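Next come two complexes, and both contain chain A; in the first it sits with chain B, in the second with chain C.
Up next, the complex of A and B:
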């Protein structure tokens, strides 16, 4: 009868101690050079989408911020993380709204539930161009239930709509839960890393990947920055 | 019973001709220089086909009226000269009609397809792909960049497969999802299909031309009225065919120049 509280105490201690000694890798993703100009998207053929945007939206392949910050870069622990097989129970959501994908880059764990929602007044045909995982494309008329699926192998998958050629997004299927996607300032943060050696990878859909090795020894924050070379065209 | 059937056939034939003769479902107003010839041709075809249709139905009604009550043992009557001459007469009649329509219609056809475009015509490339139209203008240098299928990247707005990094002519090419043209100036439309068969149809322009994969065709037209008109795909091209459309914007020359300038700056 007494073993249960003892086990619980031990478990709590274990969790607390690992958190106490958990390190963080943080930094900024930037670019050098001049990135290609993102052109405005002409949604004229789909008035129900066009009217949702006061000014025409531009492509999102390269999104930059102040001080050469680069957005939409997936930064993740590509090796060394101890909890690689833990699949989050919560689903990730990919929304089709205003004939755009929100978010543009969606990160998920392998076998994590993926929910695809159509919030538009028009039909979409979602087509993730998977090469390692099974490729499919599905139509989703307005007002229909979300499409639910999952990917069982890690892969970066370009997503397109077979009805609206300008629509473009990316799925990043990873085998880790330690990831972040750089936002407006190019910042990213990977917390809760127990002491150990890690390889951190930064992936951008157009500029490729970069890696950095980092060692966490205790309760510390390590700075890792990534700089991508921009393509003019 | 036979007489009732004959009257019914005659009534249906006459009733169905009324909306066509009265022009209830006429096409929208023509906005092109060649459209009048197309409309004349359609009119002529409708008249000839309509008169033949009515005549055939009424003769059928007449025959039914005349011979429906024939007894089982009555003697069969033959057309004078037998069936052979009747068939020959029908062949000659229909053949002459079709030939005549072709000869007359050739003029309307030739203005769009066989005559060379004007030297100052605005050249625009139209590309059809599942399931959208895109239009390309050569930009200030007057030259189109060379399209490279391996460079097509729709998610990055590169619908024509341009290679601005290596191909200088493609750098100023203007790509749009709408077809903007100046009014009263000839437009030479170069038609290219990216994947399967599509069609370019603008009712008001009286143009309906298929895009054929692997075969680049050209049509030229002059729009005579400013406004916005719908371009639809009329060749079943797949799942999203119903949604494959774009708009033709006929602008004044000044507005067209401004439109080009704005597009260039983007």
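Up next, the complex of A and C:
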């Protein structure tokens, strides 16, 4: 009878201490060199999409920000993450809008529900080119229900629409919830890391991967920066 | 000097012979190559009453298949560079002609039928010269190249309802679906494989690929995954995996699918069949389709009849 409160206290202490001593890894992703210029996309063959863009959109393979910031880089804990296998109950959504994928890079946990939505007035086909996971290809005409699926193995999967050849996105299926995608300033942040040794991996669809080892000892923020070499074409 | 030379020569010949021996040994030793996971002896296929054994398929595979599909099933046979479309890569276990949903493994029967039927518009011949037992053994053999066969079961074959009557109405509805589902974007409005996206298509290995041209050819032997109306039904419902052709199983109702089949048959303008007879009787004119049971006022952006 008495063990229960003691256990509870211990548990609370454990949770509190792990929260108190949770470290953060943060930093910035940049590039060196000159990235290939992203070409404007001619959506003339799909007027319903073309008219959604006041000015032509460009390809999103390499998206950069000020001060050589590199966007759309998936930064994640590739080893040492304490929550491997905890699948979030909330679904992630991949939207087709204006004949573009939103977001361009979508991160999900293995076995997390993936919802694919077509918000356009045209048919798309969603063709994730999985190699480790199952490769499928489904048509999604306007107004049809979302396609719901999940991937059970970690993999970076290119997604294309065969009807609209310029459409291109990426799925990053990870076995961790500790991830971030670099935004406009190239910044990323991986909070809530209990003390331990971690490998942080940064992945860019065109420039490849980089890793860094980090040790978190307590309630601290470790700076880790990644610099990718730009491909000229 | 001469003695030395001959000694060197001898040594050279010897080492060459040794190397050749090792090479031959090395070639013969692995049954399946580095990527294979399945045991040669235990792998089987089941087609009706036939049971195929991978071990019994090895010799035939080496003799008839490896030239294109490669000793290791990785589509890197010595002829592969000359072929278009490329041979199937058995190490990824993605197959075009299935009775099962997109992303799933085909049934043994699907693979068996593919071997016996061959693939039109490709270099894969009709292997009906091989006995049913030989073909069943080959089905078992190609499974050893991918671990997927160990971990996954074949998909459930899709359910195909009895074919509906071929009528002008059915053809008209099929045409409406062909337009609405945008089949024409690749296949062209007359099914000649010349739609606006046709020239941009690539398969999952980035090789250029052409959409099917319905209008070419005189009979129906040119369909990739079989000649019957049921086979056409299967193609668009299951999709042709590894190619740009998606599955429409989630978006076409089973009976509507038959209407689409009937319309697709009329795109085969030189074919003698019921669909073209019905169309000729109507002087070749497909009337605009009128939905007799329109869906209740659907919100904007909802296509009627999409089921959702």
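To be clear about the criterion, the second predicted complex is superposed on the first by the 221 of 233 C-alpha atoms of A that agree within 3 Å, B and C clash if a C-alpha of one lies under 4 Å from a C-alpha of the other, contacts with A are read in each partner's own complex, and residues count from 1 in each chain.
Here, a residue touches a chain if its C-beta (ideal position, glycine included) is under 8 Å from a C-beta of that chain, and two chains touch if they have at least 3 such contacts.
Quick caveat, the model's predicted, so the values are computed rather than measured.
Q: Superposed on chain A, are chain B and chain C clashing or fitting side by side?
A: Chain B/chain C on chain A - steric clash.
Q: Can A:165 be said to touch chain B (first), chain C (second), both, or neither?
A: So A:165 meets both chain B and chain C here.
Q: Using the touch definition from the top, say if A:40 reaches chain B (first), chain C (second), both or neither.
A: The answer is first: A:40 touches chain B but not chain C.
Q: Counting only touches as set out at the top, which of chain B and chain C does A:131 meet: first, second, both, neither?
A: second
Q: Examine A:192 and indicate which partner it touches, taking first as chain B and second as chain C; both and neither are also allowed.
A: Neither partner.
Q: After the superposition on A, what does A:215 contact: first (chain B), second (chain C), both or neither?
A: Neither: A:215 stays clear of chain B and chain C.
Q: After lining up the shared chain so the two structures overlap, which partner does A:123 touch, if you call chain B first and chain C second: first, second, both or neither?
A: The answer is both, since A:123 touches chain B and chain C.
Q: So in the superposed three-chain picture, is A:140 touching just chain B, just chain C, both, or none of them (first/second/both/neither)?
A: Touch partner of A:140: chain C, not chain B.
Q: After superposition on the shared chain, which partner residues are touched by A:225: those of chain B (first), chain C (second), both, or neither?
A: neither
Q: Any idea which of 199-207, 217-225, 235-243 or 289-297 of chain C is the one running into chain B?
A: Among 199-207, 217-225, 235-243 or 289-297, only one stretch of chain C overlaps chain B, namely 199-207.
Q: Kindly list the residues of chain A that each of chain B and chain C touches, one partner per complex.
A: Touching chain B and chain C on chain A: residues 45, 122-123, 125, 139, 162-165.
Q: Hey, which residues of chain B end up touching chain A in the complex?
A: That would be residues 129-133, 154-157, 159, 164-165, 176-178, 239-240, 243-247, 266 of chain B.
Q: In the complex, go through chain C and note every residue touching chain A.
A: Per the stated touch rule, the residues are 92, 94, 101-104, 180-182, 185-186, 196-197, 200-201, 204, 239, 241-251, 298, 301-303, 306-308.
Q: Would you tell me which residues of chain A are touching chain B in their complex?
A: Per the stated touch rule, the residues are 38-46, 59, 61, 122-123, 125, 139, 158, 160, 162-168, 206, 232-233.
Q: Per the contact definition, I'd like the list of chain A residues that touch chain C in the complex.
A: These residues of chain A touch chain C: 45, 121-123, 125-127, 129, 131, 134-145, 147, 162-165.
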